[in-house]
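Take this structure first; my questions come after.
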Amino acid sequence: MFNPKEIIHILANNVRQTQSPFGIPKFMANTWFKDLALPEKGEYLLFTGLMYQFAPYIETSTQYLEKYEDTPMADYLKYAKYVPAYLSGIGLALMTPGKEKKKARQPLKNIAFLLEQSKVDFCYRPDLDHYSGILLYDMGDQAGFVAHAKKVAHRLQQAGIKKIITIDPHTAYALKELFPKYTGIQFEVTPYFELLDLDPKDCGIEVTLHDPCFFGRYLHVSDIPRKVLSNLGIQTSKIRNQGEFTSCCGGPAESISPALSNDIMDKRVKELETTGKPIIAYCPICLGNLKKSGANVEDLSSLLVRHA
Amino acid sequence: MVSPDIKKFDTLVVGGGIAGLQAALDLGDQGYTVAVVEKDASIGGKMIRLSKVFPTLDCASCITTPKMSAAAHHENITLFTYCDLVSLDTDESANGSGINCRIIQRPRYVDPVKCIGCRQCEYICPVHVPDMEQGGLSAKRAISIPFSNAIPQLPILDIEHCMLCGQCEKVCPTNAIDYFQQPEDMMLSANTAIVTTGFELLPVKTFVQYGNGSIPNVVDALQMERLLAPHGPYNRVIRPSDGMEPDSIAYVQCAGSRDKSHGVPYCSRVCCMYAIKQAMLLSGSLPLADITIYYMDIRAFGKGYEQFYQNAKAMGIEFVKAKVARIDQGDNGSATVRYERQDGSGTASQDHDLVVLSMGVVPGWNPEPICAVSKSTDHFITSIKPKISPVLTSINGVFVAGAAAGPKDIVDTITESGSAAMEAAKFMSNSPRGN
Amino acid sequence: MSSVNLAFAKELKAYSEDTALECFNCGTCSAICPLVHDNFPRRMIRYIQVGAKDKILENANDLWRCLHCGLCTHTCPRQADPGEIILGLKRFVVANWRA
Amino acid sequence: METMDTDKAAKKAAMKDLRAQRKDLIEAASLQMKKQKKDIKAIEAFLTGRAATIPDIAQGIGLPTDKTLWYIASLKKYGRIVEGSKAGAFFNYALNEPANNTEQEEV
Amino acid sequence: MSPQAEKEDNKILILATETCAYPGADSVGQAHSPYPANTYILRVRAPVLFPESFYFDCFKKGISGIIIMSCGEECPYDGAYKALAKRLDAVYKKMKEMAIDLRRLRLTAICTVCNRAFLKEVNDMDKSVRELGPPLVNPSL
Amino acid sequence: MEEKKNKVGVYICYCGGNISDHVDVEEVRNRALKLPDVTVARTNMFMCSDPGQEMIIEDLKSGKIDRVVVASCAPSLHETTFRGAIERAGSNPFIYEHANIREQVSWVHHGDPATDKAAILIASATAKAKHLKPLAPIHVDAKRHATVIGGGIAGIKTALDIAGQGIDVTLIERSPLLGGQLNSLGQLAPYGDHASDILKELIDQVTGHTAITIHTNTKVEAVSGYVGNFSLNLLKKSDPENIPLTLDTGAIVMATGSVSYTPFKGEYGFGQYESVITLPELIRLLKANTSSRSMLEVNGKPIKNMVMIHCVGSRQIPGIHPPKENGTLNEYCSRTCCSAMLNAANQIRETFPETSIYEMYRDIRTYGRGQEELYMQASANKVVFMRYEADEPPEVSKNDDPDYPLQVRIKDGLTFNESLTVPADLVVLATGIEPNDVTNLASQMKLPIGTDRFLLEVHPKLRPVEFPITGIFLAGTCQAPMDSGEACNAAGAAAVKASALLSKGYIELDPFVAEVDTDKCQGHGACVEACIKEGALTLMEVINPDGNPVKQAQVTPAMCLGCGACAAVCPEGAIDINGWALKQYEDMVDAIVSDSVAV
């Protein structure tokens, strides 16, 4: 286990300096929209919170952390704070394979496509799309989170944004629950799948849905993707730990203890695999983590795009 | 105008369990006429389905059958079994009394007058169906009497599982089988009513923690009562999954009770004592088995209960203070319970051959929209004067007793039923409509 | 042997919802926690209840094993929100480190 | 005599109607009964001339152990099977020979 | 030895009062506590019913031991216990004269929940009669 | 084979295996059939069930039998059931004898000896049965009046309920005041009703009731008589001349209540430190407290930290807790204290937010409706709970800190058995409930008292508010600890029984009384001398069939207790007890010594 004190210090510093917990400059990570002509005006703002974009970098950093966990090298982590954040971030960016980065873009493109198909009046503004700060909150760096959240919320407010579409559970929770509480600014926040209106089909296939903790337990929306899928004739197999009782993928523990994270992940994958059906995730952290264990998993958006 | 079809009584008792029977007997003994309306095919309620009862350890059947029999033969008591209560109205203008109710008797497909209870139909019937009287652990026939000491001793034809093969009709010596029997609509009127609708256990199916009822050898307490009863499904305690005699048995207390996350924040009151009782009976029939009770607080509050608990401890039954958080399927048919060790030594996973869930107690009947009597937030019927007369409800002339007014053990239920009978009698003595 | 300190709960109020005393120490949270580790989170919650601030700071690193997955909160019979209590403690400890 | 015949005919017609009405239920019940008959036959065949435990019977006839116990308990209830000696943690079950022609509750 | 004698020589007669000792014996049963089977419990209202001759007749008939389980001072029949005690004094006296071992007759108080006391009395008497064997009382006496 | 003179039917129960697991029931049946007087012997899974009873009825109706022996469980459970069945067959219920082959055979013996003994008991019951004769219940006129002893809430409620049925009631209270323990209580758990309001409502009703006579300051000196015709001697304390009052009554309800346990000196510092008080004392303080300060004040001192200790004088364990001087130990749970403690804690935390509370318990027993909510509320009110084991109770000691004169040390189960110290300026002990000492009255009335010193009912489920003495009932905390509502329920249950008993103005009693064989009686008078019930047996002059006056014994059936003291002394054997005759016992002994059925 790494010393949380050091990790928090690094994360907080990164967010403060680069608006990104991993020190990855936004211009490097957020490129998915470039070949799409997305509207700049609309009823809803599509707000990715950059989680899908950061996912491949998180994976790279975890791989390195994993190597050193519970070794004397872990102590060297504390020196990381003397390295400028953007330098370590760029390093991380360079170490992350391009294939992974490209893969990470796909769900975002899918979602934009699905929203268009569903005739949702939305826009995308890369200048307004920011990291939500959720990791700082989870780590207990309240001050860091609030400072960052206030910045993000003010920008959105100044841009006159009222309705927001989120795509991942962490950003959705941050904007929906934490922003009003800690910044006093409230938006109407809707996860993208809630807005989908796809033509009914009869695909006749079955998948196993892995609910992320925040959608399943905190935001209580896990029945909505099931309805969307069932509308397309896609069955979702019943497992014991789903919906409000979903099991964690282990992802959030990565930065502190990759070993623990792996442990939890393996248990979860085992349960998901009992059905023998393809596994569907709808959170970038879950997606990455389940993939890492070698599970046959893809993002909900990919499945939907294929059958929409 | 009173239609001639309306059957008139002094008191209507809703529910023919021990509470209802006691109230009916106490009123009948004073000369009041009583109608007992029971939804099941037999009177006797939950108690007749139990093995032995705490703290005296006498057999439930031995205490219930005399009361059942006495009620069935009482000149002032009329039983309406297998009946659904459709409406229960109180005519406030009739001086606070004036109870009118409509009941529908479901068809047994057996003529109650002709049937002599010989059970030939049951023996010949070729279809086996799960016997819910035995917790579903064994089978009965699609036509059968509900259980050996049922009153009345009339078989029920389970129409859902009947092939209409006609064999029972052929074998019946009295031509009592009637495939065309229709539900019977009846109107009853009375001066007072006593609601004794009892309880049900929360269904294990709704508990993800406990495996939604899909983990083998995880049973609820009422199923365990059947396993312990001398005329239970196996006539002995063995595991439902494979017939093994269990070597290690666990009780999971507060399974759904005292738990806001399940919507039952209240204490179910009887579980501690029945778990201890079952544990004692088990250690009698399986002297070598390890028995563990996982509990939060042992609530042995009644007369003789604490001594009963201390005896159980002295007998070697293990009491572990912990709330079981989760049950998983273990190896070789065992079930694994997960709990925190309170002494600070971490989390434990323990395998048991058989796990009994002391499921939360919930009301057996929802008065809405049948009867306007008010419920409390716990969904049990409101007692408007809990300190002076717990049997008084929001409606004048309607009384409540037993588990219908909150979980209650048999001792407290029987006393409360006497109290309800007293209040009903007093009400009728004061009422101009009374006899 | 240590002496109880009720004032600590008040000190924590600045960092968290004040629900620690709603816990009746059933241990569900510890048993259900995917951490599978050392009476966590109830140990922390109990230390709040009796005001054992020193013990919390001593074992502070454990707090960051919490994934904020919410399972404890979801299954807490008293709805004491153990997940939120742990988050609050993280905030308290971070503030303590920074102070 | 004539009225009796008409009564009989009327009853027959009514039964026909009833069967038509309950077609689905009857079909499901028949299917279930056939499966039960097959399973019970297999159990009885397996137990001919020997006593066996639930796991043995289950393995011998390819039924799950819980279902096997369910049958055994029911057959025992109606006197077709008797419980025998203990074999480890299990009990042996045997056919109640000579097979009673008249069914009776076990005593 | 007659085949009957082989069966059980030593029969113990227990006169148990309806209100105390008899339910006390039932309570032992409810606790499933075993005791010798050569015991025959007769439910009585009050043992004061039995004249002196009754006891001797029993011994003559072959009863090896008699335990009177009364309510003691709790006896619902006020005064009956005193009368009983007085009568038993006379019985004992006569037993001595007839050389019947005094251990063959016991008066004791057993309450409705006196399981241990009940078992002790029964086991003690059983031990005594096994040691003493069946009484050989001259029927003409 | 000789012709059977008597026609005894023997019915043997399997009791669902309870009997048949150890007794070869069919074998016993076969042996019973061989008995000289038995014409029918049958078995059933549950003799008490309808089909079982139906067998008896059928056989009686068809004339196959005229005496009935049922061999099953203890007669206390089903004797009346089978008598009822016989009655339904149109026969006299007293042609019945019971053989107890469960509690006294199958549950205590096994194998062949069990089967043999069952057979012998049946033979002996059969031997008795052949002497049974039809009997008629004794009709006793009963005074339509009931007496309730004890003017607490249970007594008041009982009186009101019985009077509500048009029966006159006398309510007797030893103290000057009605209301009992409720007088010392304040806001009641769990709903906060005020004890005074409840009492006012009930006392207004009872004092205004025309059918109820109240005697306060009155002691019951003596009780005599029998059901329907009891007589009580009362003594009014206010009466300077001590003239006893006599009261005739038909039924008596004991509602003699309870007191709070007094800790011994030094028990948790009680009597040693003035800041250690009992829960009733705290309740009194709360009732009297009108301070608007933010801290509870005791003797003018604000209380900052209060420790409440549960289970004081309750749930005591032999070997751990020292017995009282008289050797008694309260092993029972006092049922009401947990809720009362939490209720008090909530009141304090809500009224005096600056007073902190620590509750030290063994198990929190908020079993009843609305009570677990009290516990939750206490948690929400920031009451800190700590848990101790009986063998390691909290220790109250002096503290050096001037702010907190006391400290309580506890090995806290909730804190992983760590030892914690709580500084305190007030310690409250949850003292339990003890029954009022009514030994005198109980022994006069022959009422049983349990090992817990509470009055003992016949059976907690079959007859929970009755004593074995017909016509005497019990209600409230003289029976066991209970709260106000529960005591009122018990009162209602006792009242309904008393009302049913007295409603007709007469009572039918068991016919088991002495009967004189006038052919044999020589008028010795030994029986009259031996009789223990004054007035039950007299020597009267009668005219014999020859027309000559002779003395003969005569029985007053309503007075006769049926003890048999008379039968033992009659030189002619002219007096015996109906249904329990000496002759029957002699034949039973014969059946026991004859091993004819045991082979």
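A, B, C, D, E and F are the chain letters, set down in written order, and residue numbers restart from 1 in every chain.
Simple rule for what comes next: a contact is a pair of C-beta atoms (placed from the backbone, for glycine too) under 8 Å apart; a residue touches a chain by one contact, two chains touch by 3 or more.
Bear in mind that the values here come from a model prediction, so they are computed numbers and not experimental data.
Asks: Within the chain touch network, how many edges lie on the shortest path between chain E and chain F?
Replies: The fewest touching-chain steps linking chain E to chain F number 1.
Asks: Chains touching chain A and chain D alike, please list them.
Replies: For chain A paired with chain D, the chains in contact with each are B, in label order.
Asks: Would you mind checking which chain's C-alpha centre is most distant from the centre of chain B?
Replies: A
Asks: Could you tell me which chain's Cα centre is nearest to the average position of every protein Cα atom shown?
Replies: Taking the mean of all protein C-alpha atoms as reference, the closest chain is B.
Asks: More contacting C-beta pairs: B-C or A-B?
Replies: It is B-C, judged by the count of C-beta pairs in contact.
Asks: Based only on mean CA positions, could you tell me how far chain A sits from chain E in angstrom?
Replies: 86
Asks: Just give me the whole-number Å value for how far the CA centre of chain B lies from that of chain F.
Replies: That pair's centroid distance is 26 Å.
Asks: So, what's the distance in Å between the C-alpha centres of chain F and chain D?
Replies: Chain centroid spacing, chain D to chain F, equals 50 Å.
Asks: Among the residues of chain B, which are close enough to touch at least two other chains?
Replies: Chain B, residues with two or more chain partners: 56, 58, 148, 209, 235, 258, 342, 344.
Asks: Send over the residues of chain D in touch with two or more other chains.
Replies: Expected reply: 105.
Asks: Residues of chain F touching 2+ other chains?
Replies: Those would be 45, 376, 414, 416, 418.
Asks: Any idea which chain E residues touch chain F in the complex?
Replies: 3-4, 7-8, 11, 13, 19, 23, 25-26, 28-30, 32-35, 37-38, 40-46, 48-51, 54, 57-58, 61-63, 74-80, 83, 87, 112-113
Asks: Can you list the chain F residues touching chain E in their complex?
Replies: Residues 74-76, 100, 102-105, 107-110, 113-114, 116-117, 120-121, 124, 446, 448, 450-451, 468-469, 512, 530, 532-533, 561-565, 567-569, 577, 580, 582, 585-586, 588-590, 592-593, 595, 598-599.
Asks: Enumerate the contact residues on chain A facing chain B in the complex.
Replies: Its residues touching chain B are 240-241, 245.
Asks: Under the definition above, what is the set of chain B residues touching chain A in their complex?
Replies: The touching residues are 208-209, 211-212, 214.
Asks: Which bits of chain F are touching chain C when the two form their complex?
Replies: 305, 356, 358, 375-376, 379-380, 382-387, 409, 412, 414-416, 418-423
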